[in-house]
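Letters are used for the chains, namely A, B and C, taken in the order the chains are written, and counting of residues starts over at 1 for each.
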Amino acid sequence: MKILLWFLALPALLLPAFALLYIVYQALPALDWSLFVGTQDTKLHFGANQALWQQISGSLLMMLLACALASPIAMSIALFHQLLAGPRQKLFIHALLQVLQGIPPIVYGLCGLVLLVHLLHWGISLAAGAVILAIIILPLLSSNTIHALERIPDEQTESALALGLTPFQLLIRVWLPNAWSSMLTGLLLSMARALSETAPILFTATVFSGVVWPDSIFSPVTSLQTHIFYLAQEGYNQHAIDVAWASAVVLLGLVLSFSLCAFFLRRFEDH
Amino acid sequence: MNNLQKKTSKPMLAETQPQIATLALTNLSLTLTDKTILQHVSLSLAASGITCLIGPSGAGKSSLLRCLNLLQKAWSGQIEIQQQDIRQWPAGEDALRRFIVLIAQKPAVFPVSIAENVIFGLSRKQRKTNQDVRIKTCLQQAALWDEVKYRLDEPAKNLSVGQQQRLCLARALALQPKILLLDEPTASLDPRSKQLIEASLKTLALTMPVLCVTHDLEQAQRLSEKIIFMCDGKVIETADSVTFFQQPLKLESREFLRWSSCDCD
Amino acid sequence: MLKIIRFGYLIALFSIAALLWFLVVNTWPFWAEFGLSSLWLDEWFPYESLYGLLPALVGSAWVMMIAMFFALPCGLAAAIVGSELLSKPWQSTLRLSVEILAGIPSVVYGLIGLWILLPWLQNTFDLITGHSLLAAGLLLAMMILPTIMVMSLDALRFVPQEQREAAASLGLDWNTRLITVLLPQAWPGIRSGVLLALGRALGETMAVMLVVGSLDKMPSPIYNILEPAQTLTSRIGREMGEAAFGSMHFSALMANGLILAIISMLLSFMVLRQRKAAQR
């Protein structure tokens, strides 16, 4: 039985290391400085000579905007849950967040396409991408914030209230000092999520090339995720594939730096 | 109470071998992450009857019991049951645990029905032969039968903690163990369950050695013929019950008795 | 302060409701024209006004099943190994590696699928390109593995130590303990993990889109998983760029999205009900 279990578990145990090493191995041919700053080599057509920093900055910009949009709303959902909601409303919020979290991101992308891109005439734009990503990370961020606040012992809140603190003072003086690290964990996880979502921004925010830096929030951007997607399908251009793998390493590095920060922060908290 | 004892002791006697299991520890030491839990403990149980293991908390009493049924394996020294080293128990450690069964302090019933809990430890083959009789006997021995006989199919979690502890006892008895280890079996139980458990232990102890950790000194006095007093991982004093409580030999024992009686007041 | 909070909450509710409302409204032309019968029509040619949703539904069902078939035994076994057999330092290494696996973005999985899985399938089964339901299923299995593993690990760790020891004290051997004590008690958690993983497999777009082949026809025969096919998400991803806003094609794609949303909501409700039942 034990042997059987080990045998079944083996792929799961080896897969992460294998996948990681393989991606880096594939990326090696293209991983150098010119990848980031671009080359003048005109033989490398189809975007493979683009400077990757444009894509990186596009992705990061969209992620930061999304987090800036989602954080206050997530915070107010969490505070509503803690301060104002009755038991029934609490159940409702939990159920709502669970359901929203389950809806596939591409569905949000579709909704955003209709509402933001077409009906509001934002066009394919940074703003549309950021709003859609904000909505996608909202449930995750809210439930993490709620968990962070729920972990604060009741006695602390009660004794603070007994001292006559207003809700605002309660938040600033008791809750934030107690819960900032778990809130930060939640935020980091949401950032990682926002960075790795591809499908919903494919038709709403990004173009393949031609944008160095978006002029305004209503102009399209380039992003790392969609860059990989476009390059991956260039089956006959070896250099494009190499660049795709290298971009994948960069993206993976960015995402993992956020999610592993969150991981170690949580572990630090538990001890 | 007496009635019950008479009724239940008979099948028990019929099922046990006439020979009484023996237990001997020599030089048992246990160190966990730089902390010494047990130091050179040697003792032996040769006769039936209840032996109470007492001592202040942190004396290593529970750890000693866990060493005896190999839940804790990091010890050095020698433990022999029936002159057989338990590390080389012929049928393996699972069989050993059926031979010398431990009942934990906190009752851990499984989330199945009461009847299934009783036969939980039995193999499929054993379950086939007179299951109902076996369940009844064990529950009677654990003094639980009268309370649950009409609701054997109910989930065991519905029972009170005291009843759950007796169910754990019944579950252990279903294995027909030869030695019984109990880790503070009546701590935080209601008085009635405590009384019932003590009564059934006394009956059981007619046929097998029972080693019972407790820090309730009155209970130790009521139950046991023999007392082992432990402190800081060492056996300080081994004496029969009357002697120990009336004229303890060692200084530590005297201190402990004095402080404990203060606690009681 | 409280007013601001309430305002923010209402804004959130309002915007979510608005989004879903637009989703429903935009599918309306499609439902009005073709009705529910398109759910079991098996041909999808937007240029000839044929909008049968069945191929994609069947494709989605297939990839979910294939992914679960591979990921469940593997993930569950890994969780058991991780919580019962590994020592503490190895346990945290395992945790870390699962975190890494979960952190790999789906488009990177797509890349892996496209350049490792497809050539491999092509050679093994002697296919034309390797694009197939099986490829998508295998890739999804990798992607949902972390979900299943983390949920099962947590569920197993949730079983109290006393239960393990009580079972051990009864002289039950390791296998029996696993089957009669650990797995039944961890089962609710494992089940919600499975449901969440199914939701993820259903909604995953990029990776599936790159390897499934996007060919809109029923697998023939229905158990043929080695041919290119289509799933709900890959269809949206492939065709969203071509469909003009306001056209019937666009509306039909929105209908695909609505179906996705409804199925995933059902899965979420199942998780919620389970959690409620477990609390009791």
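The criterion applied here is as follows: contacts are C-beta pairs under 8 Å (C-beta built on N, C-alpha and C of every residue); 3 or more make two chains touch, one makes a residue touch a chain.
On a predicted model such as this, the values are computed, not experimentally measured, just so you know.
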Discussion item. Which chain is most central here if centres come from C-alpha coordinates alone?
Written reply: C
Fill in: Chain whose average C-alpha position is farthest from chain A's own
B
Discussion item. With contacts counted as C-beta pairs, which pair of chains has the highest total?
Written reply: A-C
Fill in: Whole-Å gap between the CA centroids of chain B and chain C
50
Response to the item:
dist(centroid_CA(chain A), centroid_CA(chain C)) in Å evaluates to 19
Discussion item. Centroid from C-alpha atoms only, then distance chain A to chain B, rounded to Å. What do you get?
Written reply: 56
Fill in: Where chain A touches two or more other chains at once, by residue number
none
Worksheet item: Which residues of chain C touch chain B in the complex?
Response: 160, 162-163, 165-173, 180-181, 184-185
Worksheet, complete the sentence: chain B contacts chain C in the complex at 69, 71, 92, 94-99, 101-104, 106, 108, 110-111, 120-121, 168, 171-172, 175
Worksheet item: Touching chain C in the complex: which residues of chain A?
Response: 1-2, 4-9, 11-13, 15-17, 19-20, 22-23, 26, 72-73, 75-77, 79-80, 83-84, 94-96, 98-108, 110-115, 118-119, 135, 138, 142, 166-168, 171, 192, 195-199, 202-203, 225-226, 228-229, 232-233, 241, 244-245, 248, 251-252, 255-256, 259-260, 263, 267
Worksheet item: Which of the residues in chain C end up touching chain A in this complex?
Response: 1-2, 4-9, 11-12, 15-16, 18-20, 22-23, 26, 73-78, 80-82, 85, 92, 94, 96-108, 110-112, 114-116, 142, 145, 149, 174-175, 178, 196, 199, 202-206, 209-210, 233, 236-237, 240-241, 245-246, 253-254, 257-258, 260-261, 264-265, 267-269, 271-272
